[in-house]
Amino acid sequence: MQPTPKQAAEAIGINKSISRNVGDQLIRLVLFLAASVSVVTTIAVVYSLSAETISFFLDPAVSLWEFLTDRRWTPLFGESQRYFGISPLIIGTLNVTFVALVVGIPLGLGSAIYLSEFATARTRRTIMPLLEILAGIPTVVLGYFALFFVTPILRDIIPGLNLFNPISAGLVMGFMILPTISSISVDSMQAVPRAIREAAYGLGASRVEVVLKVVVPAALSGIVASFILAMSRAIGETMIVALAAGAKPTFTFDLRETIATMTSFIVQAAKGDQPAGSIGSRALYAVGSTLFLLTLMLNIASNQIVRRYAERYE
Amino acid sequence: MSVSILSDAERKRIEGKRRRGKAFVAVTAVPVVLALLLVATLFFDVITDTVSWQIVEPSQTTASWSFSEGFAWGNTWENVVTKELEARGEDPAAVLNNPEERRRFKLRNRVELLWSLNGQPLRYVVSNSRDDTVDNIGVFEGFNNQEALLANLRDGQELRLNPWLDFAFLSKNASRSPLMAGIGFAFIGSLWVIGLVILFSLPIGVGAAIYLEEYAPDNRFTRFIELNIRNLAGVPSIVYGILGLYAFVRLFNFEVTVISAALTLSLLILPVVIIASREAIKAVPPSLREASYGLGASKWQTVSRVVLPNAVAGITTGMILAVARAIGETAPLLVVGAAGFIPRAPSGPLSEYTVMPIQIYAWVGENDPEFANVASAGIVVLLTVLLVLFGAAFYLRRRFERSW
Amino acid sequence: MSQTVPENHVTVRTDPVAQEDALVAIDHLSLWYDQFQALRDVSLTVPKNQVTALIGASGCGKSTLLRSINRMNDLVPSVRVEGKIHYEGAELYDASVDAVEVRRRIGMVFQKPNPFPKTVYENVAFGPRLHGYKGNMDELVEKSLKGAALWDEVQDKLNQSGLGLSGGQQQRLCIARAMATEPDVILMDEPTSALDPIATDRIEQLIHEIKKDFTVIIVTHNMQQAGRVSDRTAFMHLGVLIEEGPTDQIFTNPQHEMTENYISGRFG
């Protein structure tokens, strides 16, 4: 009788063994679960934020309209003086972010151009790790530096500057985001093909012209993406603001005033140990949701842009 | 010779262009210099802040004015304390041999290395927590006004140069008195938290990276996981604190313990660990995998015996950098309730904790200006730890940069 | 070069291999990468303890065919296979067969030497360790290195990195590594294309020597090499097996016009 294929395979020992099969599937499952942790984390983030945020808006003391339009934010105060308008926190965040970007974008882009186009390979290899160290300095240390070193100097220069102010915080934050802008921009400039540069050189362009008229425009989407990512970093940064910019929600565009950002409010509310379920605790989650949505949008935008330019040169 | 070819105007134009080009290069180099200058200034400022001039009066309750004597450099702690107690007219053996007395003595007194302008240049001094600091002056200010400061000293007062960062600082713990404050518990707390963070995030991060690089089918769910990781990497760290507060502190009821901090930080660095591990795994050449499969290795055998051993340097580098980030994180831990002052050293996953950045933050918030010096001493310790980690990461990266 | 092959081409076979000599029998095998068909109804019988050469122009599917034999193609997600490969009475593409076990019996040597970044010794011991080899490992390593004519050169470098060897030595190390798992068949995909003439010569000699213990299937671009090392030759074009037969027959008296053109260098 003709053996079945299975018997034939067994006869020479190349059949699938149950134990190996089970072992392989088990390993695959374990690894899959490890990879799924990130999905679970996302779900948990969204769930924890939204559950308490919904409770926040369901509270009779709060209305969405007030949240969006009122210019006062005092959720931790007594019942008679509580106001729930998030705009002071948004404005405060924007003040700091504005200063940070004004400092960080030119510095980041300039250093990226230098490192990618002008520096020797050796210089680049020395400086990049140093920039990484700058990026790796804990923000509580940067906050200390802003408060105890930068602020006193600025107060000598700028009249009427408060002890806690967005300028000092933003200035230091600008340096914090510099490595982000720089490294992503360097990557995207390095991705510009040699052939394009050589074509420009072949037409008699100088080094500077090649950089400004060929490389930077070709790498523009990556550069813009780095700005957006840096902006998201600045918005989400906490310790520098909490230490150097203060925690007094103020609806003002005067950069000398003490303000509060979304993040510094969260710290303040958390430190005050609001009991779970209280309106103060829920306000923390509501601000957290706003912060999360804002930074998520920026990150998605930045990723999208990066991905598009990555495809172009493949 | 070339003179004859170019007209004068032409040459000037080219000259100008070249000059402008050079200027442009210089301008782009400025930010790099500024960034490096900022790092240097920061380190300099923090380090100089760890030293201050102090005008000190002995506490009214302590009989002897011990530090006018001082003890020579090279004495052991026991030695210094024995002499100090003798000078105070107490029995050294009674204090040192009784554990309870010894503990109490340590809590109130600190042996430190000091320069005092009316004594020997460098010596040990036993300070008492009840000694009164009349004034605290920055290093440079103190240097410039030394004469005046000395002239204005009142009877019994002393002007000393106090380096806040000394060995006592490493073993002392949180205290209401800046002189007695140290980073001991916070350092132990950081070790506990980071130990657990590694325990959680290394296997999960590397496992996820292996799955995505070696196992995952190219389908929607895989792409969804990847998208998730990318987006999580950009979520502000404080949001992880909110998650930790909701899930670990309240829902799982871990409260304010080492484990809720460790879980929060693990989730925070997980995307970084995954991304770095994927890069390292991707860098292992496919030809090695083929060789392994060609020899009849199964997928897991190939991964565990060929891919991982060749990716281990890259994974370690990524892990070190991620851990460095976790060590310095403050905001999420503030949200999950970490406090600056704890009564006992953390001793396990379920004990109360503080960590170095939280401790520093608490010190910065203190009213007493001497705490700024204490905070800077803490910062120097924290930065030293981080620099060692960065150094290790850069060394590994250089050492194992391999071209296949 | 872009000569088309008629849809109904029947492989020309000279002196076909007798059933009882066959070790591997490829039976109406077709293979697709997504939509692209890389193998078209290929049937080829490979005799035991002989060297079979696969020749043909670049992109004709030689590597694809070779990698189908030990199911390395399973690692490419887009691959779809139809047809059968018989091996010692079993059918390699049957659902009950474990591809990993197949590769243990049908080993492979690649175009570019790819030793692991481990010691020479560990490279050779890798396969036996995988499969839980119980015997004396030192002896097996020595035997394999001798079998690959490498022992004399590396016997006092056993604990040095395999990457430190010359290209030709690395390739022989890879052959030794494949031999150490004691397979029946060794597949070689252009094993000498990255090597200099002297190293090539050594490997060719080696192939001659090992055929008493192993059945070898070798892909080569080099006509002279096919002529020197192989007993039988199969010529492929655009995924179709055009002609196969004893090497001297194929080279001196090709039956099909395309084979003749290829061998005489008129295309490819």
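As written, the chains take the letters A, B and C, and residue 1 is the first residue of each chain.
The rule is simple: contacts are C-beta pairs under 8 Å (C-beta built on N, C-alpha and C of every residue); 3 or more make two chains touch, one makes a residue touch a chain.
The model shown is predicted, which means the values in this text are computed figures rather than measured ones.
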Of all other chains, the one whose Cα centre sits farthest from chain A: C
A-B against B-C, pair bridged by the larger set of C-beta contacts: A-B
Chain centre separation in whole Å, for chain C relative to chain A (CA means): 53
Distance between chain centroids, defined by C-alpha means - chain A, chain B (Å): 22
Whole-Å gap separating chain B and chain C, where each centre is the average of the chain's CA atoms: 57
Two or more partner chains touched - positions in chain B: 298
Numbers and ranges of chain A residues touching at least 2 other chains: 20
Two or more partner chains touched - positions in chain C: 100-102, 105
In the complex, chain A residues that touch chain B: 20, 23-24, 27-28, 30-39, 41-42, 44-45, 48-49, 51-52, 106-108, 110-111, 113-115, 117-119, 127, 129-134, 136-145, 147-149, 175, 178-179, 206-208, 229, 232-233, 235-239, 242-243, 263, 266-267, 270-271, 273, 276, 284-285, 288, 291-292, 295-296, 298-300, 302-303
Partner chain C, residues of chain B touching it in the complex: 217-218, 285, 287-288, 290-298, 301, 305-306, 310, 402
Touching residues on chain C, where the partner in the complex is chain A: 87-92, 94, 96-98, 100-102, 105
Complex contact set, residues of chain A against chain C: 3, 5-6, 8-17, 20
Residue ranges of chain C touching chain B (in the complex, touch as defined): 70, 72, 75, 77, 100-105, 107-110, 112, 114-117, 126-127, 130-131, 174, 177-178, 181
